[in-house]
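By written order: A, B, C and D. Residues from 1 in each chain.
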Amino acid sequence: MTGLSREDIARRAAADLWDGAVVNLGIGVPSLVANYVPAGREIVYHSENGVLGVGPSPEAGKGDPDLINASKQLITLMPGASIFHHTDSFVMIRGGHIDLALLGAMQVSVEGDLANWSTGDEKMPPAVGGAMDLAAGARGVYVLMEHTTKDGSPKIVERCTYPLTAKRVVKRLYTNLAVIDVTPSGLVARELAPGLSFAELQGKTGAKLDLANDWKPVSV
Amino acid sequence: MINKLVASMAEALKDVKDGSVVLIAGFGNSGIPVELIDGLIEQGAKDLTVVSNNAGSGRTDVAKLLGTGRVRKLVCSYPRTSGSVVFEEMYSAGKLELELVPQGTLSERMRAAAAGLGGFYTPTAAGTKLAEGKESRMIDGREYVLEKPLKGDVALVKAERADRWGNLTFRLAARNFGPTMAAAADLAVVQAREIVELGAIEPELVVTPGIFVDRIVHVPTPKQAGTP
Amino acid sequence: MTGLSREDIARRAAADLWDGAVVNLGIGVPSLVANYVPAGREIVYHSENGVLGVGPSPEAGKGDPDLINASKQLITLMPGASIFHHTDSFVMIRGGHIDLALLGAMQVSVEGDLANWSTGDEKMPPAVGGAMDLAAGARGVYVLMEHTTKDGSPKIVERCTYPLTAKRVVKRLYTNLAVIDVTPSGLVARELAPGLSFAELQGKTGAKLDLANDWKPVSV
Amino acid sequence: MINKLVASMAEALKDVKDGSVVLIAGFGNSGIPVELIDGLIEQGAKDLTVVSNNAGSGRTDVAKLLGTGRVRKLVCSYPRTSGSVVFEEMYSAGKLELELVPQGTLSERMRAAAAGLGGFYTPTAAGTKLAEGKESRMIDGREYVLEKPLKGDVALVKAERADRWGNLTFRLAARNFGPTMAAAADLAVVQAREIVELGAIEPELVVTPGIFVDRIVHVPTPKQAGTP
């Protein structure tokens, strides 16, 4: 059971973005979200390196090397886009002007703690980028990630063992296996990858899940 | 669809509450959002704290707002200028509280609010009367004063050009406090001389990105402050 | 003995500005300095309201109401001028990027203390503007002012009685009567208004002056 | 006459001293001043502290500089990317000290240096390992970390257009750290693709005013970082 592709995770997350939302796209799967704007809505995608109004990826072979996103992939600009310097970009991020940050994660806890910058392995050089600024500053944080590590270990856990990016910030998770809300009473699975049973999902999750009464299969 | 353009001044200023902190852009008579100020007077909110570099001259715009008696407190760097008669009347009659803030500190405090910072240490005013009662500390042998962010509930800003996402450009030195105030308020209300199609402002040339702007009202022939 | 006109004070101060100097012009007499650029030099005049490259006053009846200086007078722009917002303008000022601030003063002390924002009179509403930022941030501060108050009281004093703008910042004074340096060993008069005796100058000064050996009449 | 344009790379980088703090603009491969970095390697200064958002990929530009062994310390937000082989080699061999700083804090610290501030309180990293050893305080019920200014001795910046006063514009998102770094260093050295007449950049459209720039070298066909 591999569940959704990276593109489908991005497409599913995009479907929840409301008209007019200002959404920062972090490194990894979140960068793909710019390719999926729900019909009839305008979403303003923000990239930490100084772009507001990120459009979809350019056609293969096209694109400008000075128009890139946080993942250093080529982007396009929407009409209405603006360019600004890095310090102003983080005024937007830290100052609470971003509605949602879509971030990748190494671990997310039951309480919404986020760990996505270091495994704590001293030999492995760390990299934090804008993750801590986004986690501290965006009005909401959703995580897009593979449900488990490559070797199958759970990334959704009772308590993060990796160094934290920020405490109690994640509100929702989109993985290849499920859509899960972080609620005051714990993690609630709202949608499951087609064909996946709740027992299977729980088995790949390192923290107790509840299944929403109105749960449904993920549709993309 | 994102459309921050509103049809009327009343709509632009609806729900400005009594007790609001109102940031008003402008320096001298340049960049003063005269029509928005008139709109705010019409709207009627009272018990306001107004943040503005000057206090107006004559009896129009900022001075007119002060004259309504609806401003409880003025946060300002240079309230007393030639012609600041209304300010002087209100101040000497004890009808207006004044918080005098050095101009750069005023601007930086609003920027700190916009940027989500909890405060900053500035050398400005260290050791002077304007630093009294404030925390200060020595950093690398120099004295700094701790200043707190200054956030607005509402900002009133005059722009030259706007699109429906709220991207703005400004006219010459009328830019002054506009970009900082728009970013520092929960509700940034902008009057723009010209409304252009989305995409008409080149991305590199946007001065205030739309993320900082909430409502735009079209004022095609804005009055310059200080003119009758 | 009224000595130099306001214009001549400005012209005299301008003569000391070096090629390439970045000079902020404060309210009052300093604003006039933009009209007097010494031949063969380029001076970059800064105005706190967001202008670098201030040119001379426009011809009477011309000018743009959105191009004004700190004194709210109409200005022009030089080729190479730039416009920026207020917060960036004070980054320049506070951050030590301005070579010289030319300011007005109410009082200047023997040690270079500057008082130019309040007489301390509680009934008189105060106004500080950018004076404290400039005094704290510019690499040098020169004062341009009338030598005495309108009623003849000295403005150059042993110790300021008015609330300070900043301590020990003024390096040089240009008045209608003299050019005076603030030195570690006290105030030194370098130039005297034509026809003025040193005794007369000392008589209008509230602190002890020394006369420079190589003193000369002010020439404008 | 003010003329910040210099005739050669050697002149642009003369008197960069051993032990300097060097701010290098760019994000990923965009905005990296490749030719200035090559010039600095040629110039030979050592024992450097380099401040840069990334640590380069492959063996060119920032990575090439790290590979010379002349960088003692790297201040960086995201050193480990695909292809950051030189950084990983130097780091695991213990030949490079790393100060990891959140990206917004990195930028804001340089801005604080540019702005003459003594420090600021940020919510970023509060309560995390990256705040360990730093002063923190509660402000209005939220935890903030005190961060200090980060000043450069030298900044290396890539611009699109420059005039002899040092006014700059940038190309698209290659702007990134350029304006902040130019302002935050004692000596701001800029490579510009195009040199234009004074006055050719409209005053309202100047992105970095010349006051922040010290030397400009003309690099008409700049290499994009990451290309062989």
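The definition used in the following text is that a contact is a pair of C-beta atoms (placed from the backbone, for glycine too) under 8 Å apart; a residue touches a chain by one contact, two chains touch by 3 or more.
A quick note: this is a predicted structure, and the numbers were derived from the prediction, not measured.
Student: Looking only at C-beta pairs in contact, point me to the busier pair out of A-D and A-B.
Tutor: Result of the comparison of A-D and A-B: A-D.
Student: Could you put a whole-Å number on the gap between the CA centroids of subunit A and subunit D?
Tutor: Centre-to-centre distance between subunit A and subunit D: 29 Å.
Student: Just curious, how far off is subunit C from subunit A if you go by their C-alpha centres, in Å?
Tutor: 56
Student: How many angstrom lie between the CA centroids of subunit B and subunit D, rounded to a whole number?
Tutor: 33
Student: What whole-number Å value describes the gap between the mean CA coordinates of subunit A and subunit B?
Tutor: 36
Student: Find every residue in subunit A that makes contact with two or more other chains and list them.
Tutor: 51, 83-84, 90, 94, 136-137
Student: For subunit B, what residues touch not just one other chain but two or more?
Tutor: Only 108, 111, 115-117, 122-123, 172, 175, 203-204, 207 qualify.
Student: According to the definition already given, which pairs of chains are in contact?
Tutor: Listed by label, chains in contact pair as A-B, A-D, B-C, B-D, C-D.
Student: Touching subunit C in the complex: which residues of subunit D?
Tutor: 1-2, 111, 113-117, 163-165, 167, 183, 197-199, 201, 203-204, 206, 209-212
Student: State the interface residues of subunit C toward subunit D in the complex, per the touch definition above.
Tutor: 19-20, 22, 42, 44, 46, 52-53, 77, 79-84, 88, 90-92, 94-98, 136-137
Student: If you look only at subunit C, which of its residues touch subunit B in the complex?
Tutor: For subunit C paired with subunit B, touching residues are 47-51, 64-68, 72, 83-87, 89-90, 93-94, 118, 123-133, 136-137, 163-167.
Student: Per the contact definition, I'd like the list of subunit B residues that touch subunit D in the complex.
Tutor: Touching subunit D: residues 108, 112, 115-123, 137, 139-140, 142, 144, 148, 169-170, 172, 175, 203-205, 207 of subunit B.
Student: Spell out the residues on subunit B that touch subunit C in their complex, using ranges where they run on.
Tutor: 27-31, 53, 77-81, 87-88, 91-92, 98, 100-105, 107-108, 110-111, 122-130, 171-180, 207, 224
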